[in-house]
Structure formats: C-alpha cells, structure tokens
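Each of the next two complexes has chain A plus one other chain: chain B in the first, chain C in the second.
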Partner chain A sequence: MILEIDGLNFRYPDAPKKAVDSFSLQVPESEIVVLAGASGCGKSTLLRAINGLIPHMYAGDYSGDVRVGGSSVKASSMRELAQRVGFLFQNPENQIFMFTVERDIAFGLENLGVPRQEMRRRVDEAIGLLGIGSLAQRAPYELSDGQKQRVALAGVLAMRPKLIILDEPTSLLDPKTALDFVDLVANLRKDVGATFLIVEHRLDLLVKVADRMVVMSSGRKVLDGSPSEVLMGDEADGFGVSIPAVSRVQKLLAKDGLAGVDRLYDAEEVAAIRQRERR
Partner chain B sequence: MIEFRDVAYVHPTGVRALDGVTLGIRGGETVAIVGENGAGKTTLVKHATGLLKPTSGTVTVDGVDTRDTSTAALSRKIGVAFQNPDHQLFSESVEEEVAFALRNFGFSRELVEGRVSWGLELFGLAEYRRSSPLILSGGEKKRLTLACILAWDPAVVILDEPTVGQDALQKEKLGETIRMLSSTGKTVVVVSHDIEFLWPLQPRVVVMKAGRVVADGPAKSVMMMGQALDSARVAEPHLVTLYRALAQRPDSPFVGPHEARAWIEGGSAPH
Partner chain C sequence: MMWLSGGFIFRSGNSRFHRLDPRVKLLISILTFATALIARYIYEIGLVVAFILVVAAAATVLTRIARTMALTATFSAFIFVVNFLFTRNLESSSLYAFRFVAIVVSTSLFFVTTTPDELERVMKMFRLPRDVVFAFVTAVRFVPVMMLDALQIMDAQKSRGLELDKGNILRRARNMIPILIPLVVNAVVRSGELAEAMESRAYGASERPTSLVEYRAKRVDKVVALAAVVVFLLAAYSFYSLLAPIAL
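Let's turn to the complex of A and B:
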C-alpha cells in the first residue's frame, strides 16, 4: 500500500465539528482514485493530512495515522514528504511565485538539489506535457487562471512523485485541455506506475480512467467502490456527486430494464439501445 | 446594455489579450462565454466593469463610455464574481463580507440585514456567519463571492467560473438562481469551462479564441458546430454526443436526460 489512512480525525481550532471524522483508506500502488463529495465535506482537509500540511502547519485536534510508502506523515519532515507526495492546491496561486514559468517549475527540483542537466530535462518534459512551451519565459502572475493551473500542474509532475494528490486539477482548464489532462494521468500510471488521489467535481472526465471512487460526507467516508458501483447506485445523488449526463440516461434506462448497471456506457452504447428497441 | 466595439487590449507586457471584439449584450439576456485558456474571457469581463480600459475601440454600458465614468458607478449596475475568490474577500467575518458593499451603497440597516441573511441562506453559508472568510473551503469561498454580488441586486450579474469547487447540488442551486435572475429581467453573463453545467441553461453562447469572438448564437446551434468548437478547445455537451450517436433522432438535441430517455424508449422516427 502506498497510502494508508487509519482512523484519521481532525478538527480545526474552535470548529464546532471534525473536518475529517474516523476516516480510513488504503490505496495500492498505481491505482487512480477519485475523491468526491459535497463542498465543505472535508476533501481538501484530508489531502492536507496526506501531504503533511496537517499536522505540521495547521493546528488542531489530530488523531489516527497516515502513512505514505510505509512512513508515518506526522513523523516525517515536510522536506521528506515533498519528495514523496506531489500536491496540487485547489487554488494554483498558492503555489506559483517565481519570476518566470520555467523557474517556477524548476523550484521544487532546485530545492531537492537535482543536478542541472536532469533538472533541465524534467522541466522541459513537464512543459511539453502541459502544452505551455509558449509561456515558459513569462511571469506566472501575468497569466490567465487556467494557464496558472497548468504551470502548477507542471511543477508537480516535474518532481515525479510516486504518489500524486490533486485538488480539483481540472477546475480551471478549458474542456479540451481537461480531456488531455485525463489522458496524461492514465499515461503516467501506465508508464511510471504513479498513484493518483484526485479530488474532482467534474466526474464526467475522470470516470473513464479511475479505478475507484471514494465519496465523503461530513468528514466521513460514505461510499467506496468502482465508478460504476458508485455512480449507478442510489446514494450518490444525495451526497452531491455529479453523475455525468450520459450515465444519468443509462440509469433511467436501467430502471426500465433496458440497460445494465455493471459498467458505465458511453454515448454510442446508450444510442444502440434505441436501435435495439426499434427492431 | 453592454456594447464592445472593436475592442483591443494589450497588456503592458505586450501580450495582446483582446484583438478586435465586437459584441452586444442586451438587457435580460443570459450569455455564456466559453473558450480556451488565455482566450481573453476574464479580460473581456474586466472591460465591462471599467476595471480595464480598451487600448483601442470602445466599451459602453447603457450608452455611456466606460472611459467617461467611474468603476464605483459601474459597480452599482454590474456585479462581478471574479474567477479567484481570494482576490475578492477581505472582511473579518462572512456576514460583514456581504454587508460591506450594501452599506457602501447606502441601503438601510434593515435591508442590509435582510439581504445578508437571504444571500447566506441561499448559498448554504448561514452556519459560517460569524466565521472568518479565510477558513472557508474553496467552494464555500466561491459561493460567498456569489452571495455578495447577488445581495446588492445589480441589473447585470457576471460570474467568472462560478462552478469551481461546487458539488452537484450546489451547481443545481446555482443553475436555479441563474434562471430566477433571468426570469426577473436581469442580464446574466457566465464565463465557464463547465459545458455540462451550461447546457441545461440553454444560454446564448459566445466562443472566444485568441482574443476574438469566433462563434456566437443559441446553445443548440453553437454546441453542434463540431470542428469549429474543437479548434476553440471547447468540448460539446455529452447529450449532444449522444444525440449524434443516434441513427434516427429528433430535430434538436436533448436538453436533459429525461428527454433522451423518452426518445430512446418511445420517440418515433421522423419518416
């Protein structure tokens, strides 16, 4: 297991209730896990407890344990964690601050003392993967918000962490770039065996590549299964999970006995049901 | 209501963010602006509020050139929720955040109180009334900026990526709110990459690319443009894809899943 969360509880100072409540999760290597749930249910807080911001930078009541690659997060330094866990903030402005895009992407590598040549190679590769070559010499704070998100993503990928946790990575990406990003996630898993835990509300994009969906509500884990189990089940709606439009149609057809629920159909398959019915 | 005439904007750094935009937004319209990252959508929005002035061309609001008026005067008419909520939140408490502009506009104490409660209730933030905006989650911050704008009841509401951080229920509520605003005659402009959110609203859709408007029309025609959408890096809605995949199909694409179900299960072929 690359990530193990055991009975984690966290309450922010003075908060009336826990933001994360008795949460446990085991993620094996190379899995792509999507974490969904209502706004304010504790998703970003859980991610902070994996990259070490909690408990190292945030005060609060903490109990339980989080281990990355076998070592406990609370016993590891932020520096060690930075090498092991790649983290994308929900707001990209929280992680871009250098004078040029290129320097920004290199920042984490410089900190780790990666040799110059290797650094050059990784920065160029990340720039290529996110399609931001034309922005390389520009100042990150003079970019559009979606461009900033792409720079922040490039910075995370350049570090080549084994575990990559992303907080709404497609929220500011244009629709085609968001689709390219989903392919990128699938390729990184295939080529280097990276593990992903991705918080996302736009599930229509990610369901194609995700192995597993975990749903949170009021700090607790309430659903955990394959994307089809979660999205075709009766409970997802109540937890604020966005069921993709084609899956909604599939669900309606399933109620009338015309479609299965064992996997998610694409548009062609749903359309084929009409052809079948008319015969 | 808002007229952009051949508007170009060049940043001090030399980046040409708008390159000849001509666009008229009429009172009462619901308009979606879509297009690739860096296309100029946010820059365009900043011109509507007078925050940026065109390098060439003109922007007028109700016939008045934005160069001849103050952003304060414009902001009474046009409320904008910007893409990044962190740039918009600065008060000590959530309720103060909403009340601030209202008091500035000279609303009475009772009206301020009523509007604040209404806004916080609408966006599910009532329990955070006395909390600092800084401790809110990403989606909660975004909703707080929406509550602030709607509370002062401007004639034009511009929302830059309002669905960021919003779950399905919040998006549904936001969609309802947009419908409610438009039914009361407000002008609503939504900048968004979330095509699945926009589609059921059936807005007028303006597609931008490299600082220009490359398509403009009702959702049902613009979202069917295929190739032209692709080149602006916009994906068509999933229900349009489903509609295309059907060998025989109704005259226009499905707006909601129930329409699609009805057609698949019973709609007769058009011949």
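Let's turn to the complex of A and C:
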C-alpha cells in the first residue's frame, strides 16, 4: 500500500464541525484513484493531510493516522514529504516561481540541495516525460494555461514522488487540452509507475483511466469502488457527483435490460445498442 | 510611476550587451552612475549620456532608453526650477538637472538589459538572505500576473458602472479604491496558495540549496569589465576631480 489512511479526523481551529471525519482509505501502488464530491466536502483538506501541509502548516484537531509509503505523515518532515508526495495545485500559475521553465522545474531539487549533475538529469527527464522541451527557456507569462499545467507537473515529477496528487487539474483547461492531460496522466502511470490521486469534477474525462472512485460527503467517505460500481449505483447522484451523460444513458438502458452495469460503456457502444433496438 | 516601470522592466533581447555577465553590466551601470556624480561641467555629463546612448544603441535598447530620458525630463525640469529658485545659479541648477537624467538612464540601462533571473543571481552573489532574494523573485515574477488581474478587475468594475476617468484628481484617486481592494484581496489569496506550493516543493529544506544553472564569467566579460574600469579612470582623471571634493 502506498497510501494508508486510518480513521483520520481533522477540524480547523474554530470550525464548528470536522472537515475530515473518520476517513479511511487504502491505495495500492500505481492505481489511479479519482476523488469526487461536492464543493466543501473536505476533499481539499484530505489532500493536504496526505502531503503534510496538514498538520505541518495548518494546525487543528488532528487524530488518526496517514501513512505514505509506510511512514507516518505526521512524523515526517516536509523535506521528506516533498519527495514522497507530489502535489499539483488547482491553479498552475501559483506554483511556478522562477523566470524560466527549466529553472522552475528544478525549484524543488534546488531546495533539497541536489547536486547539479543529478538535478540536470532529473529536470531533463521530467521535461522529456511531459514533452515540453521546446518550452524549457520560456518565461511563465509566455505560456498558455495547458502549458503552465505541464510545467507545474514537471516540477512535481522532477522530485520523483511515489504518490502524485492532482487537485482539479482540468478546471482551467479547454476540453481538448483537458483530454490530452488525462491521456498524459495515463501514460505517466505507465512510464514512472506513480500512483495518482485525482480530485476532479469532470468525471467523463477520467472514467477511461480511473481504476477506482471514492466519493466524499461532509468529510466522510461515502462511496468507494470501481468507476462502474460508483457511477452505475443509485447513490452517487445524491452526493453531488456529476454522472457522465453516457453513463446515465447506459443506466437507463440497463433498467430495460439492454446494457450491463459491470463496466462503463463509451458513447459508441451506447449508440450501437440504441441502433440495434431501433431495428 | 508609469515611466519608472517602462524604463526599468526587462524585455527579452539578445544583443552582445544582453549576453554579458550581469555583474559586468552592473559594474558598467555603477561606473557611469559614478562618473555622472563626479562630473563638474554640463559637457562632461553630456559625454556620460552620450556614452550610455552609444551602449544602448549597441544593446538595441536605444528607443527604450531614449523614452526613459524623455520621461525623466519632467522630473529633471522640476529639479532645475527648485534649484534655480533657491540658488539663483543657472549653471549649477542645470548641472543638477542633467545629472539626474544621466543617473536615471545609467541605472535604467542595467535594468532593461538584465533578466530577472540574472538579477536574482546578482542578489545571491551579494549574499543576500535567501528569503529576501525569493521575495524579490516572486514580486517580479508576479508583476505581469497582477497586471492582468488589475485589468480584469477594472473591466468588472466598469461593467458595474464604475467611471474610472471622471472627475478631478481626488475623485479619480477615490475611484481607484474599488480596483485596489479586490486586487489586494486577490494577492493575499494568491500568497496563501504560493506558500502551500513552496512548502510542497521543499522550500527552505536545505541549509545549502543548489542551483541548476552554473554561472561563470567568460573571457569577454573580464575584458569588458577591465575596459569599463579603464574608461572610468580615464574619465575621472580627465575631469581631474577624483581627489578634489565634488564640485557643486
């Protein structure tokens, strides 16, 4: 297990109720897990408890245990955690610090004091993985949103984390760029074997690549299963999860016994069933 | 304030002068600055300015430097008037006014040809604390971002009926408040997100952070630095004022 969360509770100072409530989750290595739920359900807090910003940067009532790669987040330093857990924040603009792409990718490694040669190797590797060689000498303001996203992710990858958290990575991207980004994540999982925990509202983009879906509501874990289990079930709707249109149609077809619910169909399959029925 | 930003913000260029080591560019700037300070006659200041203009032309930033000069003129005229009112000395007043132009332009030459990256390097060489250097880097890095922010806020407030360019100066200043408050609030939120991202990327984790890029002075840098010093000494000697107290 790369990530083990045991009965985590967290309450911000002066908050009336817990932001994360008796939350447990086990994630095996190189799985892609999608975390969904309405805004304010505690997703962001949970993510911060995994990469150590909670409790190291934000104080509050903390109980339970989070372990990444076997060691407790609470007992680890931010220095160790920065190398174990990569965090791609929602707005890439606010995580690019340097004036050139290349130097920004090196930012974390510079902070850790990694020797220059090793740093060069890792930066080039991250640039190669994301296919942003042509951007290496650009300034942040010369980049599009999609490019900024890749640069920020390269900075995360250069640290070679085992677990990578993506917080609503496509929220600022246009549909085509968003789709490319999802493909990129799938390829990265193959190439570097990292585990991904992705918070995302646009589930239609992710159903293809996700191994698992976890739904949160009021700080608790309410659903946990394969994408088909979660999306074909009856509960997801009630927790503010946007079920992809195709899956809705599949569900309706399943009611009439025209489709299965053991896996998610894509638009073509659903259309094929409709056509068959018409004839 | 606009003239300041115009003449002091780097825009990419790729002349020989741009490619010099930032330390050498800083040295040239400081030396021309110093020469302007020790000059005792207007024609001497004229020589300094001419020198800067020649360098600026070689660095393909002549138009920007010229614009800085033109914009400095207002302030310099003010200096002239104030000086003249108090001293009633035409010569010294105009010397002060011209000297001001020379000083601004020599500083501007450094800033318009030096990337923020290089500025950071220079700051590190002066062994400024890492936090100070990083604060500077972040400030410069987010200038274009905040400018976009400001434009968006202006559009939003205008669409809600805010009339920015109406009324007298006081009124206009007051009109800026609905722009400034959201801008500051945005900046505060942004700084929180920056702090999180910095923590997540191990900022401050090591006592001795390393650097991806290695900077070494090339031979051309050394030659130019030496030439700059020689020219400065010659100028100082010809002004024969190195040891004499600065006139005026």
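Going forward, the second predicted complex is superposed on the first by the 242 of 279 C-alpha atoms of A that agree within 3 Å, B and C clash if a C-alpha of one lies under 4 Å from a C-alpha of the other, contacts with A are read in each partner's own complex, and residues count from 1 in each chain.
The rule we apply is simple: contacts are C-beta pairs under 8 Å (C-beta built on N, C-alpha and C of every residue); 3 or more make two chains touch, one makes a residue touch a chain.
All of these numbers come straight from a predicted model, not from anything done at the bench.
K.L.:
After lining both complexes up on chain A, report clash or fit for chain B versus chain C.
P.N.:
With chain A aligned, chain B runs into chain C, so clash.
K.L.:
After superposition on the shared chain, which partner residues are touched by A:106: those of chain B (first), chain C (second), both, or neither?
P.N.:
In the superposition, A:106 touches chain C alone.
K.L.:
Between chain B (first) and chain C (second), which does A:37 come into contact with in this model arrangement: first, second, both, or neither?
P.N.:
It touches chain B, and chain C stays clear.
K.L.:
Thinking of the overlay built on chain A, is A:147 touched by chain B (first), by chain C (second), by both, or by neither?
P.N.:
first
K.L.:
Check whether A:62 is in contact with chain B, with chain C, with both or with neither, and answer first, second, both or neither.
P.N.:
Once the two structures are laid over each other on A, A:62 reaches no partner at all.
K.L.:
Count the residues of chain A touched by chain B and by chain C, then name the partner with the higher count.
P.N.:
B
K.L.:
Look at A:115 in the shared chain and tell me whether it touches chain B only, chain C only, both, or neither; answer first, second, both or neither.
P.N.:
Touch status of A:115: second partner only.
K.L.:
Give one of first, second, both or neither to describe whether A:175 is in contact with chain B, with chain C, with both, or with none.
P.N.:
The answer is first: A:175 touches chain B but not chain C.
K.L.:
Going by the contact rule set out at the top, does A:83 touch chain B (first), chain C (second), both, or neither?
P.N.:
A:83 sits against chain C, while chain B stays out of touch.
K.L.:
Of the listed stretches 75-83, 111-119 or 129-137, mark the one in chain B with C-alpha atoms clashing against chain C.
P.N.:
The segment of chain B occupying space taken by chain C is 75-83.
K.L.:
Indicate the residue numbers of chain A shared between its chain B interface and its chain C interface, in ascending order.
P.N.:
After superposing on chain A, chain A residues 91, 93, 139 contact both chain B and chain C.
K.L.:
Any idea which chain A residues touch chain B in the complex?
P.N.:
12, 15, 36-40, 43-44, 90-91, 93, 138-139, 142-147, 150, 167-168, 171-179, 201-202, 204, 237, 240-246, 248-249, 252-253, 256, 258, 267-268, 270-271, 273-275, 277-278
K.L.:
Over in the complex, which chain B residues touch chain A? Could you list them?
P.N.:
Counting only chain B, the residues touching chain A are 11, 13, 15, 34-39, 42, 83-84, 86, 124, 135-140, 143, 161, 163-171, 193-196, 199, 230, 233-235, 237-239, 241-242, 244-248, 257-258, 260-261, 263-265, 269.
K.L.:
Name, in rising order, each residue of chain C that touches chain A in their complex.
P.N.:
Residues of chain C touching chain A: 12, 115-117, 120, 134, 137-138, 140-141, 144-145, 190, 193-214.
K.L.:
Sort out for me which residues of chain A touch chain C in the complex.
P.N.:
These residues of chain A touch chain C: 48, 51-53, 56-57, 77-79, 82-83, 85-87, 89, 91, 93-100, 102-103, 106-116, 119-120, 123, 139-141, 155-156, 159.
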